[in-house]
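Presented sequentially are two complexes of subunit A, the first with subunit B as partner and the second with subunit C.
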Partner chain A sequence: MSSSFISKETLNKILKRLAAAEDVLLLAPVWNGKVLDFVTVTDAEKIVISDDIPYKSPKEAFMPQTENLMTFLEGDVLESEYDKKTVVFGAKPCDAEALRVLHAVLTDGKFQDPFFMRRFESSVLIAVGCANEKPGCFCAERGFDRTFSDFSDIMLHEDEGGSGYTVTCLSDKGRGLLSGFDETKGIEAAERTAETPAAGIKKLELDKNIEDRELFDIIDWEKATEICQGCGMCTFICPSCHCFDFKDVSGFNETKRYRCWDSCMYPQFTLHASGHNPRASVKERFRQRVLHKYLYINKIFGYTACTGCGRCIRSCPAGMNIKKVVESIMEVLP
Partner chain B sequence: MNNPYLPVKTEIIDIVQETFSDELDVKTFKLRAADGTPMVFLPGQFVEFSVPGIGECPFGFASSPLEKGYYEITVKRTGKVTDMIHSLRIGDFVWIRGPFGNTFPLEGMEGSDLFFVAGGLGLAPLRPFILYALDGQNRSKYGKINMLLAARTSKDHIFAYEYGEWKATADTAVDLTIDNPEPGWNEKVGFPHNLVKEMKLDFSNMYAILCGPPVMIKAVQASLTELGLPIERLYTTLEMRMTCGVGKCGKCNIGKQYVCVDGPVFGMAELAKMPTEY
Partner chain C sequence: MSFDAQRGKIKEICKDLLEKGTVDTVIGYAEGGIDGARIPCMCGKPEEADALCWDQRCVANLCTYAYDKRDKKTGVVAKPCDVRGIVNYIAENQLNRENVYIIGVDCEGMAGSDGEKLPWCAECSVKTPPVYDVRVENPDLPDKSSTKIEEPGGMTGDFGKFQKEIGKCILCYSCRQACCGCYCPVCFMDRGVPNWQPAEPGQSAKMMYHLGRAAHLAGRCVECGACERVCASGVDVRYLIREATGFVEDMYGFRAGFDTEADPVMASYDANDREIGFLGGDDHE
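Coming up: the complex of A and B.
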């Protein structure tokens, strides 16, 4: 047994302690009767450790679907407070890679998003490597190692005997968490880096040097989106989608301002007060979703905002497939 | 950490009714932070204006950046938030955050003639630049200044009470136009894209700054290009839905640009390369 080994028994003990800790929120995959979902766990027995990909990503730990930002009260404005420590357990490497994209968009550049930052800084992401590729997954095509992401704080990799995990710590937050338990005091985290996907897999990406406008007519977007219902499911289930809106909710003498997830798939997203809409049809909105992920964000931040988790493909009610759309663009590009 | 989403309590210190056609739908609001902190901004930038419980909207600055005691925004009543804003009174408090966005290339245009073409409310975001250039300490930095200010009717020209002063500034010409003839109207009649052809302007060392309805901007751009003004010497400012103002929320994204951070001011040469999703 190597010193970077953590047995399943020890892991369960640690999860129990985290679930019981009053100052820590533990988010982990739990079977809710329909799907495997990331929820706040108080009973560690309910945590499902499996190779399956949870229905939703743990994005909500860093950017909740609705989050109170501030309250207007008696002529003053009060910034919402947040002092929770969060441990996310059971994320997949694709989820950790998606968090890298969120981190770039929300914290790089002239302005930083303080609400994302405080959640990011006070959380520890424990990812578990995937043993197998699941239907709809395409992380290898996106150039990722399904067993590893160095944007997690702690990376677990099931060892071949199945009795436990090899532990890798990728950040001070991860090392700090691990050294806080008696059970894991002796563990020397293994050194690991991501492996490049096998040769022969063509990387799914778009060349940053392409002019934005060039891709507007390169494929038939009308045809590519003829089955899309514009429901926005893909954006809500995506671990790297991050667009949002503000909503005010008024009580008797106070108003709370919330940040709510929004979706580029909805016509209201870009609708001007004048009635003019720069992206008036589903064709334009889906094109925006694909190109924002694969071209624009890559040009600005150097990352593609799609990690191949396959959630949008598995959950689309109409059978839209972003991988096939990007492949069709790559086919016609010189 | 500085929170770019947190607005500052701001007092409405004056309100000016700008248009006098049936809708009376444009007002200018003079604002000052409740604690007196001056708003330091540059022409072209904008603020996010909140009425708690109703919502938040972006508005370009409409006043001179040299005026430190207050700033102004000009609002057309078109929707939920602007309806509410129009019902506000002097002494009411609102919530403002900013300044956001980029600015007109004030220094890059020094030494050249300036031609401002505005349609309707499009004059509002150009006014900070106009007032900056007309100011005594800056006037000599620019050549001849021409303006062509269009409105639907004679009652819809905004800042009309100021035109006299603008015209009185050295080497400055202000032309007004309306869509259709009206009794007693002695200025121009017709659309700017036709009128610029008759104005006999010298395009050899000019920057043109356009703002108005998209259809006007496109038509004027075509005319000016035809008259020989290189596209590199044309600028405009875009209007988009913008929730955050800081390049995060995704709404104003056009290609690799975010209008709230990389704009709202764009050179037409740059705009020509961008997707036309505005």
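Coming up: the complex of A and C.
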């Protein structure tokens, strides 16, 4: 037994402590009715550790669906306060890779998003490597290792005997959390790096030097999107989608400003005050979603905002498949 | 067995429709989903009809696609619930009867990836299409039994459970998009003026949405289960609407999607109506 080993028993003890801690929000996969969901856990017994992928990503730990940013009160602007620590347990390596994209978009460059940063800096992401792919998964095609991501703070991966996990710490936040428990004092985290996917798998990506106009008619987008219902669920459950909108809500003497998730799949997303909508139909909206993920973010930040978690494919009511669409673009590209 | 026999006939009919030019497009089911689910498929050429599927995994309701293509002549491979959706569109003047060719298919109910019958299919009593241009029969099916809706069960009056159910909702509106009764060009939830979304966009917004949608679907729901099928969050979306549907049937003896000529019950006025739905009262028993 190596010193980087943590038994299932010890892990459960730690999770129980985290769930009970008042200043820590523990977010983990739990069965919520019929679906596996990421929820705030108070009963650690309910946490599910498996290859099943929660239908929704853990991005809400860093960017909640609705977040009060500030309050305008009698001429003053009061910034909202945040003093919680969050531990996200049971994320997948693809979720950690998606967080890398969120981090780049919201903090690289000229402006830093302070509301994202304060959550990011006070949170620890504990990812568990997958043993097997699920239907719809395509992380290998996206060039990721399904057992490892170095953007997580702590990486667990199941020991061959099945009695516990090998621990790898990848950040000071992770080391700090692990050293805070008596049970884990002796554990020396293993050194690991991501493995490149097996040869023979063609990487799913678009060359960032392509002009987007070249892709506007390269495939029949109308045919590709004819069954899409335009609901936008794919964007809400996606770990790397991050578009948002502001909403000011006026009360009697105060106004609160909220940030809410928005979705490029909604008609209102690009609706102008004049009534003109540059993305008038599902065809333009879905094309934007694909090109934003695979081309625009790649041009600006050097990442593709799709980590192959397959959530949008598994949950799509109509059977849309982003992988097939990108493949069809790659096929016709010179 | 019966699925196989029906499949051949569906392909034959669709091919013929496209060859003769009776319709521009046929909407049916094809392979391509995850876990063996069939996905909607639109065929414009006769040879494309070879790809059509028909088995117990044809879960989607196709009538919303017929509505999207309402300006053209469209054939639809329609289960009884899909037919009822189309009938509802026609009754509400949203679709011309001449523009839709209904290939009505007898349906014993669809199943999930685990082979279990879907809950709304298990409850369904309408196994044969009420309206059709051509019918693909399944002689093994029992005769159409009572059209009376099953007693709505479960959550009547339980506010805590209602809160818990909608607490799972992420307001992605996929139930609205999949619903054949939700065809408003701009949904009340998307309107800025007046703003129907309550102050804080959280649980109260979810209540507004689910209650608002249920009220709008009273007497219009065709019980296809699409709203619950598409819900990634696993919300029991149907129960509120099932209750409204049962109420309308008790009050007015009306169930949507059987008669293209019937006046939509909530859109017709009768001076003698006691309007219990609005005014309350317990004398409607």
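Everything that follows uses one rule, which is that the second predicted complex is superposed on the first by the 334 of 334 C-alpha atoms of A that agree within 3 Å, B and C clash if a C-alpha of one lies under 4 Å from a C-alpha of the other, contacts with A are read in each partner's own complex, and residues count from 1 in each chain.
To be clear about the criterion, a residue touches a chain if its C-beta (ideal position, glycine included) is under 8 Å from a C-beta of that chain, and two chains touch if they have at least 3 such contacts.
Just so we're clear, the structure is a prediction, and the values are computed from it rather than from any experiment.
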item: Clash-or-fit label for the pair subunit B, subunit C on subunit A; value: fit
item: Partner chain(s) touched by A:299 [first = subunit B, second = subunit C, both, neither]; value: first
item: Touched partner set for A:193, first subunit B, second subunit C, both or neither; value: neither
item: Touched partner set for A:209, first subunit B, second subunit C, both or neither; value: neither
item: Touched partner set for A:109, first subunit B, second subunit C, both or neither; value: first
item: Angle, in degrees and to the nearest 10, that opens at subunit A between the C-alpha centres of subunit B and subunit C; value: 90
item: More subunit A residues in contact [subunit B versus subunit C]; value: B
item: Shortest span in Å between Cα atoms of subunit B and of subunit C, once chain A is used as the common reference; value: 8
item: Subunit A residues contacted in one complex by subunit B, in the other by subunit C; value: none
item: Touch list for subunit A against partner subunit C, complex; value: 32-35, 37, 55-56, 65-66, 135-136, 226-227, 229-233, 236-237, 247, 249, 251, 256, 258, 260, 263, 266-268, 313-315, 317-319, 321
item: Subunit B to subunit A touching residues, read off their complex; value: 1-7, 9, 52-57, 78-79, 81-82, 93, 95, 214, 239-241, 243-244, 246-251, 253-256, 261, 273-275, 277-278
item: Interface residues, subunit A side, partner subunit B - complex; value: 69-70, 72, 75-77, 79, 105-106, 109-115, 117-118, 211-213, 216, 242-246, 248, 250, 255, 257, 259, 262, 264, 269-274, 276, 278-279, 284, 288, 291-292, 295-296, 299-300
item: Parts of subunit C lying in touch with subunit A, wherever the complex brings them together; value: 32-35, 37-42, 60, 64-65, 168, 170-174, 176-178, 190, 199-202, 226, 229-230, 232-236
